[in-house]
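Think of it as A, B, C and D in the order they're written, each chain with its own count starting at 1.
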Amino acid sequence: MTRVEDMLRTNPAGLGTIDRDTLARCIHECDRCAQTCTACADACLSEERVEELALCIRLDLDCADVCDITARLLSRQTGHQPEIAFAQLQACLVAVSACARECERHAALHEHCRICAEACRACERACGELLASGLGS
Amino acid sequence: MTRVEDMLRTNPAGLGTIDRDTLARCIHECDRCAQTCTACADACLSEERVEELALCIRLDLDCADVCDITARLLSRQTGHQPEIAFAQLQACLVAVSACARECERHAALHEHCRICAEACRACERACGELLASGLGS
Amino acid sequence: MTRVEDMLRTNPAGLGTIDRDTLARCIHECDRCAQTCTACADACLSEERVEELALCIRLDLDCADVCDITARLLSRQTGHQPEIAFAQLQACLVAVSACARECERHAALHEHCRICAEACRACERACGELLASGLGS
Amino acid sequence: MTRVEDMLRTNPAGLGTIDRDTLARCIHECDRCAQTCTACADACLSEERVEELALCIRLDLDCADVCDITARLLSRQTGHQPEIAFAQLQACLVAVSACARECERHAALHEHCRICAEACRACERACGELLASGLGS
């Protein structure tokens, strides 16, 4: 069991009908995606032809911010407030999908973009699975 | 002209069809709301009957996180990516509205909750006006 | 009285020996500096010769992150924990000073860098005054 | 090799004299500690005797914010700016040490505090090792 799952298990609020594995995976992927996007924005900034990567950097920054905060919201169970997490998950899906598309355009040239696109797609799947599991109901 | 407007005016990306005043007001209200919610969570935590304020603290924390990140996304214009800001603004509306409702329940007893509810409602209006102005089109 | 001061005044924890005006000004300048640095990083990213602004963008991003979190820590009074705020304020001084120096190098060419350097210097003064007022004692 | 290491390895800025393993471990532990503290603050907030955990919640919140931002700064290599990361690491050491001490006081009663104290101590070691490796020189 991972530490994210341990913290969900020991929270006295409980999870209601939310599946713990699905939630833990989504928190984990959001956190990983945030770190990868922060690192990708910086790696792009150090490339020689940075002017071709301006949009990629911008989307990396947006995506890092959105994933960070989505992981935070999903880590809270007090009072069971699924509607905020639900809306934030949808914003997260939009951000990771846009960032993945842009990073995929540079994946052949820049390995950090290839890795970042994978992180965004993994996060996209985890957010989609959490939404499909009925978080907002 | 405020500093937020100055920074929007001097950004070489330009704003496209977005109204600068409406955007600047929304960034400003999101930042103010984030700070007020962070302070309200802490003030609630120092109240004698904190157990009655657990949900209020939780919503303050969510709302502070969401407003912080919404202001960041709205401050970026590179490449004009309205769909992420659009989705994030909708999550922000859900968060500030939920936080306002809960703070209003404690407004008569706790002045910090009364002020925080006002900050959330002002942010809600500013987000609604920005969405209505056609940011996402 | 500003809203930041209102929230400090209505916090039941009180401020101990910390001067409310000095603290409120520091929170306010940290929040303004964070927003200005986020906007300056984006404006730099949209400049034609972005490769000359890579370090400026990097320092803007660091400074925005550090100022954001410094404002959050300073907004909390529960249990009076000055040593964390004290250490964070010193990190904030290093970040705003480095960012101001770099933005000043581009101030003649880019108005957003000139405004951002001013925001960093104002934040530097406010952090210095709060440290000098004996926050950590 | 972890994804954090992959992103450090593929950054064209390089790491200078910084040891990649030590840096990657510190980024990883800061991110884990941030998530664990966010979850612990929420778990404390859902405990029946939350009034005894007010200081613990406050330190969890500070620690989550500081660790988040420390991981972000350490993920950036553009232009090699060790003095900001150095100052931020020292603030992080103060925050994780204070949070660990407080969580350890509740570790026997609350498993989430026990796990959180471990996360803080692991982060403390990783920050100490990175500082000892000469990041700031």
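To be clear about the criterion, a residue touches a chain if its C-beta (ideal position, glycine included) is under 8 Å from a C-beta of that chain, and two chains touch if they have at least 3 such contacts.
This structure is a prediction, so every number in the text was calculated from the model and none was measured.
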So using the touch definition from the top, which pair is joined by more C-beta contacts, A-C or C-D? C-D
Using each chain's Cα centroid, which is most distant from the centroid of subunit B? D
Using Cα averages as centroids, what's the distance between subunit C and subunit D in whole Å? 21
Inter-chain centre distance, subunit A versus subunit C - centres from mean C-alpha coordinates, in Å: 27
At least two other chains touched by the same residue of subunit C: list those residues. 42, 45-46, 48, 54, 57-58, 61, 68, 72, 76, 78
Contact footprint of subunit B on subunit A as seen in their complex: 54-55, 57-59, 61-62, 65-66, 68-69, 72-73, 76, 78-79, 81, 83-84, 86-88, 90-91, 93-95, 98
Which residues, counting only subunit B, touch subunit D once they are in their complex? 41-42, 45-46, 48-51, 54, 57-58, 61
Can you list the subunit C residues touching subunit B in their complex? 3-4, 6-8, 10-13, 27, 31-32, 35-36, 38-40, 42-43, 45-48, 64, 68, 71-72, 75-78, 110-112, 115-116, 119
